[in-house]
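After this come two complexes, each holding chain A, first together with chain B and then together with chain C.
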Partner chain A sequence: MTVSSRDASVPEANKAARSSLPALAAPAWLGPGLRAGLAILGFAGLWTLVTVSGLVNRELFPSPAMVWAAAVELGEEGALGSDLAASLGRAAIGFALGSAAGVMVGLLTARTRLFSAALTPLLTLLRPIPAIALVPLAIVWFGVGEGSKYFVIAYTVFLAVWLNTHHGAAGIAGTYIRASRSLGAGTRREFFEVVLPAAAPHIVAGLRMGAALAFLSLVAAELSGASSGIGYRIQESRQFFRTDRLFVGLIELGALGALLDVLFVAVSRRVIHWEH
Partner chain B sequence: MAASPAPVPSGRVRVDGVAIRFPSSGGRQVDALAPTGLVLEPGSFTALIGPSGCGKSTLLNAVAGFVPVSSGRIDVDGKAVSGPDPEVGVVFQQYALFPWLTAAQNVGFALKRFGLANAERRSRALAHLAEVGLEGRGDLYPGQLSGGMKQRVALARTLASRPKVLLMDEPFGALDAQTRVSMHELLLGVWEAHRTTVLFVTHDVDEALVLSDRIHVMSAGPGRIVETLDIESPRPRRVDDVDATYLENRNRIMRRLRHAR
Partner chain C sequence: MLHTLRVLLLGLPLVLAAPAFAQKVVTVGWGSYAMDAPQFLVASEKGYFKEAGIEPKFIPFQSGREGFEALIGGQLDVNVMAEFPAVVGTMRKQPFSVLAVLSRYAANRLITTPASGASDLAGLSGKTIGLPLGTNVQFMVDEDLKRAGVKAQIVNLTPPDLPPALLRGDVDAIATFPNAFGGARRILGERYRELPVSPYATTFVVAASREFLAKDAAVATKLLGALTRADAFMSSDPAGAQDIVAKTAGKTLTLEAIRAGWGHYHYDVALDGGLLDLMAREGAWIRERGIVRDADPSAALFRSSVADAPLKGVAPAKVTLP
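Now for the complex of A and B:
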């Protein structure tokens, strides 16, 4: 009785806590896009100042203008586009495989005692293994081709999505299940119409984390045994001591990751509209 | 449409020697409910009142089929309760509305077991919402409704599955006093129209006195019924216009509750 009343009061409390947070001290008339643009411009200005001051070796720490020139050069060579396509393709396929498996296994381990007992200890053992430690094994198993990259990315995404889905689906308020059963819903309807939407906010959070991790493990996968992609280009730039090109790769990763996250949040706001 | 025949009185609940024990920490058993017997006559309104820990919600959950009994037997119209059943509807204190569904879809969830076409299901859901005073609110999500409106949707949803018995676990406990009074009127109107057997758990003496035909006062350690009162005051009753019998009953329950702890 007291437990259920506490459960239900949590979202209210969260809402109150969220709305009582003091607004960040940024002028309200600036849109979020404009604010981000100004912040980036300011940072680039500071970066330029540091590089022209002579305090740093510009071979090691190139100026924004030098990085821009390297980006234009890469674009003219055609490497910029082909790297982007190769990396995005790998991330997308690895993410699709890993997240599909993660959602399915997470729902199984959360809602069935057998799978929970069999697989939850495995999850605890697998979690500490970082993606980069799996690269040698992936190469032994799948060769230096695309298969090993998909494997490393999918594995990383899978763990994050599994964990979040499991927590979401295992922590569903008991009253939802009780209400569903006493309203005559069978196990099938309970799963698709109650468990799945109730766990959706956690599943989406897992997918968002998985998308970010897909990029992190992508670089790990491409640093060894690739002949295209942003990670490969970063490695190649180091070998030729082209710090300017190396910076292009890093900025690409940052911009892509940020863009993807913004898109992800925009889409998930629509999918799980009741959470906002 | 042909007029349906008058419903056969049903929804008789018999609780016979029911005891409920829970395992507690240290491998011991806690007696949540000592062996208890009671009968809910078809169409009657019964309240369980008592301090927290007196087993009133446990007993309601057992009738709902959520909690197994350790000994004894509960049956509805002669059929033993073995799990949740749409014939025994439940209204929860925390509403338990599905926040991803609109009000009409929440009611529609209960209607799905009747296998209706989508359009028919929606129009019936809207009719059920209208019955609890929520015309034109069908497309709002629970997050857009006040506490009182949420509980109206929850009541409409439970009634939509056409239960013979309606179990209510402190349904108005989270509402302010004014909303509570209007919910009492609404509930009594709905009860008069459907004549569902109601079991109502509360810790509010006035709520029990205004609503019920019979009140079981419960006590903790272990949970048990310590007194049963039949409330014969004529309906409709009002908390702001009480008679001597009301006060007499109120004093009796209050004295019982004070000594129950």
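Now for the complex of A and C:
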């Protein structure tokens, strides 16, 4: 007994809307990968044009070729790989901690009045506090080691996942609950076969957002108290006016985030197949 | 009556605008430099800027480095900072010029606690030192460790994070900027210990954007004229200058702290070969680290980023550059 809280006709409506897009749409024979590649190439071409136009200071706005050379330089130094490993490790642990806590607390605040009354106002107050504002506090509490970085990332992820989970689990149609109960489902069965599947799309959306936020807060976490990582390298590059190396860090973050998003969509299609 | 009213109405905007024409606004990037560059405070307070026809507009930044970014981005006319950003800026071919050295601070130190067990640099072997990355402080510590043959792990920390990290024992020693020593001493209390370091002197400079120099070279000369007058006042009446700094710096800096720290600075608005030598040493260190490779960090390169004409215009004897 699994249910979906969404209208099944929505994907069809989206498809119809997409097919009615004006003539500027890409030719059908271009696959999504090729389209993305062409878009990136087009952007790089425009970027190159701006840098060779003489309108900008190339030391502050480097060309794609300069950024590529800086990436090669970082690769030769061994910094590219070690930074990536350090940052991915931090992001993964922070994400795991924050998302696990977010899902658990979200389900509790959505389905239990006591938890909702006790935690929702506090979490609502915490939500507007940006991760970067917590860095000094995290360092004082957890020191300059990995603990403070996990805390900052987990905090950001937790709030996004909590909010989505809470909304998903709190907004389940009463008819589903009543139907499951009238069919004799116990609390445990109701939770695993009605509440969780109905909230799953929201939980996955929260996890997807949390994954993106993990990279966002990673930079804040690595600005102080780090000796490696993408955020650290961005900071170092800034100090030495190596904007080309700074761009490498930014592109790394963007590429990682995009890759993770694609992975999330692919996995979510399998896990919450009833939504697709 | 109508005529009088018309004259008044037409004349009023001119009267209101008159001071704006008389005073040339100069945007100054300013960090917590009350002790490092008191000439600006003294010149403002004593009216030297006003007499020179200048109205400085201080734009606060967290550090001279951030102000420098604004300067090369065209947002400031001049910026007060330590010499290190100027070294990096020159090696990265940025459009700016150093106008003058304002002061030199020769009481740099490493700060530690008894828990580290270190009583000298050798005692920091294999230990962790927290410092702000990519600054003159890192250069100073690296040079000292190299000279002492000591290897230690360096951790990047912002100045406000340094004392708590040392207090917690996350790092064994910290190195920071002169304006943060007082805060570190306060936070560490009885555990505050100093380790002797090399005679490296942080050199505070005033730099100008190339655009400002091209358009307002005369204003730059007047600015330096006001600063040299302030310098002279500070030499003749240090107590009076300290009072001005205490008055203008607010609660962040007490008169006692100013008096205690004053002697660690050598205030002199000048341009000398020592600045170029230091910049060349720092440039060589940066290149050795491999972060900036495509520049020859010679004194000649750094000479190209120093504009001596404005200072020569008011105090030629203060310019002793090779």
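We adopt the following convention: the second predicted complex is superposed on the first by the 252 of 276 C-alpha atoms of A that agree within 3 Å, B and C clash if a C-alpha of one lies under 4 Å from a C-alpha of the other, contacts with A are read in each partner's own complex, and residues count from 1 in each chain.
The definition used in the following text is that contacts are C-beta pairs under 8 Å (C-beta built on N, C-alpha and C of every residue); 3 or more make two chains touch, one makes a residue touch a chain.
Since this is a predicted model, take the numbers as computed values, not measurements.
Q: One more residue to check, A:Val157. First (chain B), second (chain C), both or neither?
A: A:Val157 sits against neither chain B nor chain C.
Q: Counting only touches as set out at the top, which of chain B and chain C does A:Phe241 meet: first, second, both, neither?
A: In the superposed model, A:Phe241 contacts chain C only, not chain B.
Q: May I ask you to decide whether A:Val67 touches chain B, chain C, both, or neither, giving the answer as first, second, both or neither?
A: Neither partner.
Q: Which partner does A:Pro197 contact after superposing on A: first (chain B), second (chain C), both, neither?
A: In the superposition, A:Pro197 contacts chain B only.
Q: Which partner does A:Arg189 reach: the first (chain B), the second (chain C), both, or neither?
A: In the superposition, A:Arg189 touches chain B alone.
Q: Examine A:Glu77 and indicate which partner it touches, taking first as chain B and second as chain C; both and neither are also allowed.
A: second
Q: Determine, under the contact definition given at the top, whether A:Tyr176 touches first (chain B), second (chain C), both, or neither.
A: first
Q: On chain A, what residues does chain B touch that chain C touches as well?
A: none
Q: Using the touch rule from the top, collect the residues of chain C that touch chain A in their complex.
A: 65, 72-73, 88-89, 91-95, 130, 133-135, 153-158, 160-161, 164-165, 168, 170-171, 286, 290-292
Q: Under the stated contact criterion, what part of chain B meets chain A in this complex?
A: It comes out as residues 52, 57, 64-66, 83-86, 88-90, 92-96, 98-100, 109-110, 112-113, 141-143, 157-158, 161, 169-170, 173-174.
Q: Please give the residue numbers of chain A that touch chain C in the complex, ascending.
A: Touching chain C from chain A are residues 57, 59-60, 77, 136, 139-140, 143-145, 223-227, 232, 235-236, 238-242, 245.
Q: Hey, which residues of chain A end up touching chain B in the complex?
A: 1-2, 4-5, 7-8, 173, 175-176, 178-185, 189, 193-194, 197-198, 200, 272-274
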